[in-house]
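Below are two complexes that have subunit A in common, paired first with subunit B and then with subunit C.
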Partner chain A sequence: MDEAESSLGRGNFKHIGNKAKRQAEYRKYRAGKRKDKLARRVAQAKEEKGADGQEKKRARLAENRTRTIENTRLENPTIISEPNSHPGLKPSQAVIDAQQQASGSSKPKDKTDDEDGDDGDDAEEEVDEAALAAEEERAFEDASAPPAILITTSAPSSSTSPHLASVNARSHPAERTRDFIEELLNMFPGGEYRPRAKAKGASLGKIAGWARKRGYNAMIVIGEDHKQPTMWTLIGLPEGPTAVFRLTSVRLGKEIGGHARSTPHSPELILNNFTTALGHSVGSLLQSLFPSIPQLEGRQVLTAHNQRDFIFFRRHRYEFALRKGEEKARLQEIGPQFTVKLRKLMPSLPKGAGGWDGVVDFDGDGSGAVMDMGGGGEAGAEAAEAAPKSKRARGQVEETTSEFTWKPKMGVSRRNFYL
Partner chain B sequence: MTSMDSDEPPATAQVAQLPPSYRFFLGDAEGQLKSWSTPCPPLPADYQAQLPQVLPLSNRQQSHSAETAVQRMASGIIEGIGFVLAIARRNATIDVVLPPSASDDPSTSHATLLVTIKNDKMKAGLQRWVGLAVGSNCIYAATSAGNFTKTVLSQDNGSSASSSSSSATPRRPLSIASTHHLTLPEPLQSLVFHPASNPTSFLYGGEEIPLSIWNIETAFSTPPSQAEASDDGYTAPNGEEQTPAAATGGAGGENAKMRKRKRQAEARAKAKELLWGEVWRAKNLPNDALSLPQRPNITSIAVLADSEDTPASPGQASSSESPERSSILKFKVAVGTRDGLLRVFDPSSGSRKQVKEFSIAKSTPIKALVNPAAGSNEGELLAADGEGKLSAVDVVAGKLKYQWKDITGAIASVVALPPPTTEGLASSPSSSTPLAVSSSLDRLLRLHTFPSSSQSDRKKAPSAASARGQNLLKGFTGGAAVTAIVWDGAVPIVTAPEVDEDEEEEDESMNRGAAGEADEEEEDGDDDEGVWEAMQEVGEANGIPSSRSAKKEGQRRSKRLSAAGPGGDEEGEDVGDAEEAKEERAKRTRKAD
Partner chain C sequence: MSDDIIWTVIGHGHCSYKLKSATHNTFCRNAYNLTGLCNRQSCPLANSRYATVREHEGKVYLYVKTAERAHSPAKMWERIRLNSNYSKALEQIDQELPYWSNFVVHKAKQRLTKITQYLIKLRKIRLKEEEQPKLVGINQKTERREATREQKALRAAKLEKSIEQELLNRLKSGAYGDAPLNVNEDVWQSVLEGRKRKEANAEEEDGLDLVDEESDEEDEQLLSDMEREWEEEEGVGERDFVSDDDESDEDDEDDMEDGFYGSSGEEGDSVDGAEESDAEDDDDDDEASAKGPSAAGSKRKQPSSSAGARPSKAAQGKKGKRPRGGKPGIEVEYEEERETQPLSREELANW
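And now, the complex of A and B:
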């Protein structure tokens, strides 16, 4: 092979001034190369069909790994888990050791809990069992109940439809955004849509504060630009992180050929390649949008696949069918499908949310104290009285620190990924 | 902590093998206490930062949750116990903890919980801890609601069931002897104690609250009676007391107006009075271009230690407190605002207005201001904002010097470190730069160089004056973000690389005992001589080099003798070894000639 190539020359024919001759020489060189390559590959195929062929092929493939961007990713010390869908960077040895230690130490803890739990007489045990069973059922219901999600849009711009009369009339979201929201309401079983007001509009932080008080578990905000949905903000509610994503490649279900119809069953979740600590934060935020126990009879699956810091969302319904004697899964896509990229992650609610005394008021009556979450009943009552007095409760300080902010220079190396 | 060997030799030999490193205690957002160490630069080529090691608290079950997130951490020395950490948590509790010493076996090291202080007035989650310090027998803490507490601790002779320790060497548990409260104006954004441990004064500020300096002793002493107070008048140094204009009219309506104006004037006068314990307060900012009141918008405070002793300025204030006040106020204060401005105040000059004001960050809040280590980086500050920018600020020149690169998440905590004390004469410049350690919300701990550009350096090597800080190391925190870092206080001792056989132990317990004074002495010497020591020796053993090293040896010897501690046996050995090493080096240079 090498001899043949050397006999062809180096492929550099710039020294030949005559165009026809130069072209002919180059053509000859290329043809020779092609011929050599074909001969080599035919010989290789013949060898691999013979004895030990499989092993030889495996060895060859293992040696000649294609260089991909995922392969050549820069070292990131915050990687906690290996990627699922492609071979990639593994967590460092120190992290693996720490994880093993943590899992090893968690086992003795469970034992001590059991020991502490054995108390009292038979009568008490019976009561405990019944209470435990009730608790378990409640826990199961809680885990299967879809979390309440408030869906809204970003503060509308007046340029949306400038010729209408009132400010609110001018501030409706565009058709594309409205369709996207409709599909999102199908996607998130607990979703509710509330339009955003322009006149007397409230900031996102304030809305998050109200939603938290009303008992919502998460909030989704669709941002719009040029009549297209372009931003997607996820806010985990009681305290939770605020994640701002850039939204691209939105395709609604009706635009996908051969799409399936969505049902209200809770989907199973597949989260691929969330490797770093930041990736785990985002992944757990996505998990909090869906019930932790899916309805398997619905046979729906939502995939959030992270690759090179872009997260691809797809929804499918699946069916197991026998094909050629093997049981295989067949997929049919339900819309919508979209791609997001994390722009900013803040560990707190957006600015303007203020403090919360832990009192949840589901109906918005002001009846309050339906469910105390760690604040304490007294504190709740006092706060409810004091709240109308002071606009900003004393001693509360806003933290607007960001855990991750995307900057254009992060993409320069093309090998550095954060999720 | 850093063990190069996989075997476990006996404790003393193990300590001797550990490379000199800085040790830190970390508090993270899930409430865990961890310890971490970094070796001194220059770092070995393939060095992988270690994961911080969890220090389980004795006497307490491990419960990691956001409720117990660490908000502040402070360190100090309590009489009779030693070096302790105070950990202020989100659920309105402060844990006073005795950390393990460096020589303990890392796999079984744990921290002993001495006492837990609860603040009943603080609303967990709504208010946060804003200042924390350890005094010689008490803990000072302040919340954002202006609730300042001094908790005096006492040692129990008998061990009670709740605070019994399980370690081999029984430590005396502490208990709360008394609690004293102060009510400060609220809401506060930042409260800083002047000497960081065992403080004598504190400073605070908030978005609507101007910078204020208090004296702790005065604040907790009993104020004189009300009548005396009103006569004396603890007035502001400028002594502005507005007397209401005399009423002129006689009609009922006018009287009401007059009364209202009088009330308002009295309120204004009262607001201008200093509170009991308050020593100095900054003036309110003037109205802006639209005649609207400007808020001070203070988000962070740092005290700039002035190395020169400024003589008491010809004070304008003639009240009886001026000698006291000027002795307390011999420092400058830098204040960072919500809009990215840095204001420098000089209380001892008698003016309540800022001396300097310049912009560091364009309209982003300056979340933290950290002083460099004592004796190095004079006139410089570390400033951190909420988006991941860590900058070095030149306060004297009034501008931002440079920023450290590639920090993704907001910086939660920064600690500035002095360079390691170098023994021997062949010290490379890289090992004598001051350092800084920062933790950010992107789960990374970073080690930076913080090169100081002193006046002498600027003259000798003008290019060095513009040296930027570099990132040396970044390490994963292992999960939750670290929200507070506290340095051990022990400056590691780095020996010259040629002298392998005579590696000295880290006399950490001794160093810590006299850390305040001794470090400063050494650092002053180092700063000036660092450049010289970087150069190769050409002269004889009896020339300048030996006298300088003898001076350093003398300092070290005095430091060790002054600090009472174990390891007295090794003193003679170390000195002898150092002398041997010096002789060997002198021989080598002579041979080279």
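And now, the complex of A and C:
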């Protein structure tokens, strides 16, 4: 390549005063360069078609790796696992050692349950369904039952702007949000929608406390702005984390061309590229929204794919087929498609939830069964008898520190990602 | 005495704190005024003995002014912190202002009541505020930037591809169990076949490892062939007693049977047969055997030319993938079997 260029000259034609001539010379130079490049590439292609072609091609590609943002991501000490959909940062040696020590042998998972066909988390092996099906926390629950989810909207605007048609217009969610909620109810068969009250409305914390008492497993709050759904809050219920996301690019199922029909089968989950500790928290929160044992006959797959801190949600119906003797997976999109970016993660419930005595009251009457949460059966019963105050004591401050808060200046460096 | 003089001047004339209003009584803007109106009784300037209740940062104070301190304006007002408890604060006012005019005491208590009430309200509002959604302004720059980055991230994500890849991985790795509900029969069959082929590959590789260690190449081939046959062929090691007569014929028959039926169950051998056929090109062999086993195989290809083209082909015929979308029929050659066993007297004669 160097030889060719030197024969063409250095591409500097400033010394030629005649514009026509100068232009012609430059054009010749450029054409020459193009020709040389083409010749080189044709020769390369010919070589790679011949003997050992595959290996040569592989070697060439390995040497000239394209720089991507994922490639050049800044080192993050909280990375626990490798991303599974593209080559990226690996966990540091210290993390690997710690993991191996913690698990003893070379067992991959130390955290969440790994039910049959459930997570694609970090390309790890699936473990026997029977072996891991029983977990202490869920001993009482049927693992294939869809978790009960309470869906609501954010507090209605308290604006008294005169251009709004009526009081009702102010306090009810907009059409787009309503449609989105309807699709969410399809997505979560255990979901229930309760509209948010305007006057004397309860704060989010109080609602979370109420939902916890009533035995819900999770809560979803959809925030609105300019008649569009823009915020998505996920609250894992008994003392779970609160995650606030910015919601964008919402496309309803009916807007997607050629969309499949949604069925209430519990989907398989694919969680891609949740690599850091924070990513794992978010991933496990998303997992808790769905039953741990999917109904494979439904052939539905829900994907939460994290790319550069944007989590893309897709729902597909899949089918395996043979094309030219090779197995292929074919997808048809169902239901809503949206993108979500984490703004804030709090390890506790939102402020205002108060204390809880562990009594779960499924019907709303006084009859409450003590929920055996994490080996606290006896303690729970005692607590119920002692009837502790659910309101916080005077002088006691509720802890609502946030584990992660996103600020715009975090986005200045385009190589730093948190999930 | 001087109070009256002060009042005649400011009350009827000019007072900087006075606010005249057409519809209401005159107001007094002085911070220490008890009632807020401009009266002879209420004016803090015109009364040398005066008291007010004021609050600062949530703390309520009683300010008292006496004639004795009228000469030092800096220390004129005595500030007394009142109790946070309302009733105790009332008692405190009574204690601090004994024998004072009813007007001042009464108004002071009224003021205390009002202040306490609005402080309570403030606290309630602040509590509620913490639970109310916080309104955040929309930053156009941030929104635009995030939207662009989202689009680029979406393109980098290659969603459909990665989902399909993940599903295929799960299918092939057996995450769906032995009789999965979400797969077609033929697809599942092809997956199972793929697995068997992989196992066969793995076995082959083991066989070839042994080959590499040996030096004599011709013996190498024969030995390796025999070992492979040993691993895969059924009936290896079985003994029975045969007569002397027609030994060679019986051997031949056995060979044929093995060639036909014995190895049909094992795909490795049947595919062998397909590749064995001379009709296949060398190129096909190269491509199909691009991977492991034939890496060694191709090594052996060169030196084995003296041993004959056929034995060498037979040797490396193993595996690799059958070319995809390949020929439906499987051809089995008897010659293969003969080559892998030592040639009998008859065959040597006919060679």
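Assume the second predicted complex is superposed on the first by the 316 of 419 C-alpha atoms of A that agree within 3 Å, B and C clash if a C-alpha of one lies under 4 Å from a C-alpha of the other, contacts with A are read in each partner's own complex, and residues count from 1 in each chain.
The definition used in the following text is that a contact is a pair of C-beta atoms (placed from the backbone, for glycine too) under 8 Å apart; a residue touches a chain by one contact, two chains touch by 3 or more.
The structure displayed is predicted, hence computed values, not measured ones.
Peer 1: Which partner chains sit in contact with A:Tyr26 here, subunit B, subunit C, both or neither? Use first/second/both/neither.
Peer 2: Neither partner.
Peer 1: Residues of subunit A touched by subunit B versus by subunit C: which partner has the larger set?
Peer 2: C
Peer 1: Quick one: is A:Trp210 in contact with subunit B, with subunit C, with both, or with neither? Answer first, second, both or neither.
Peer 2: Neither: A:Trp210 stays clear of subunit B and subunit C.
Peer 1: Between subunit B and subunit C, whom does A:Ala277 touch in the aligned arrangement: first, second, both, or neither?
Peer 2: The answer is first: A:Ala277 touches subunit B but not subunit C.
Peer 1: On the A-aligned overlay, A:Ser402 touches which partner chain: subunit B = first, subunit C = second, or both, or neither?
Peer 2: first
Peer 1: For A:Glu239 in the superposed arrangement: first (subunit B), second (subunit C), both or neither?
Peer 2: Touch status of A:Glu239: first partner only.
Peer 1: Which partner does A:Ser92 contact after superposing on A: first (subunit B), second (subunit C), both, neither?
Peer 2: In the superposition, A:Ser92 touches subunit B alone.
Peer 1: Which partner chains sit in contact with A:Phe13 here, subunit B, subunit C, both or neither? Use first/second/both/neither.
Peer 2: neither
Peer 1: Under the touch definition given earlier, write down the residues of subunit A that touch subunit C in their complex.
Peer 2: 51, 54, 68-70, 84-86, 116-117, 120, 123, 125-126, 129, 154-155, 203-206, 223, 225, 246, 248-249, 268, 270, 272, 296-297, 299, 301, 303, 305, 307-310, 312, 314, 316, 318-322, 324-331, 339, 341, 351-352, 408, 411, 414
Peer 1: In the complex, go through subunit C and note every residue touching subunit A.
Peer 2: Listed in rising order, the residues of subunit C that touch subunit A are 128, 130-133, 138-139, 142, 145-147, 149-150, 152-154, 156-160, 162-177, 180-184, 186-187, 190-191, 194, 286, 290, 324-325.
Peer 1: In the complex of these two chains, what residues of subunit B are touching subunit A?
Peer 2: Answer in residue numbers: 29, 48-51, 62, 66-67, 123-128, 143-146, 186-189, 365, 367, 386-388, 408-410, 412, 441-444, 474-476, 478-479, 481.
Peer 1: For the complex, give me every residue of subunit A touching subunit B.
Peer 2: 77-78, 80, 92, 94-95, 97-98, 109, 239, 277-278, 347, 355-358, 374-375, 379, 393-397, 399-405, 410, 418
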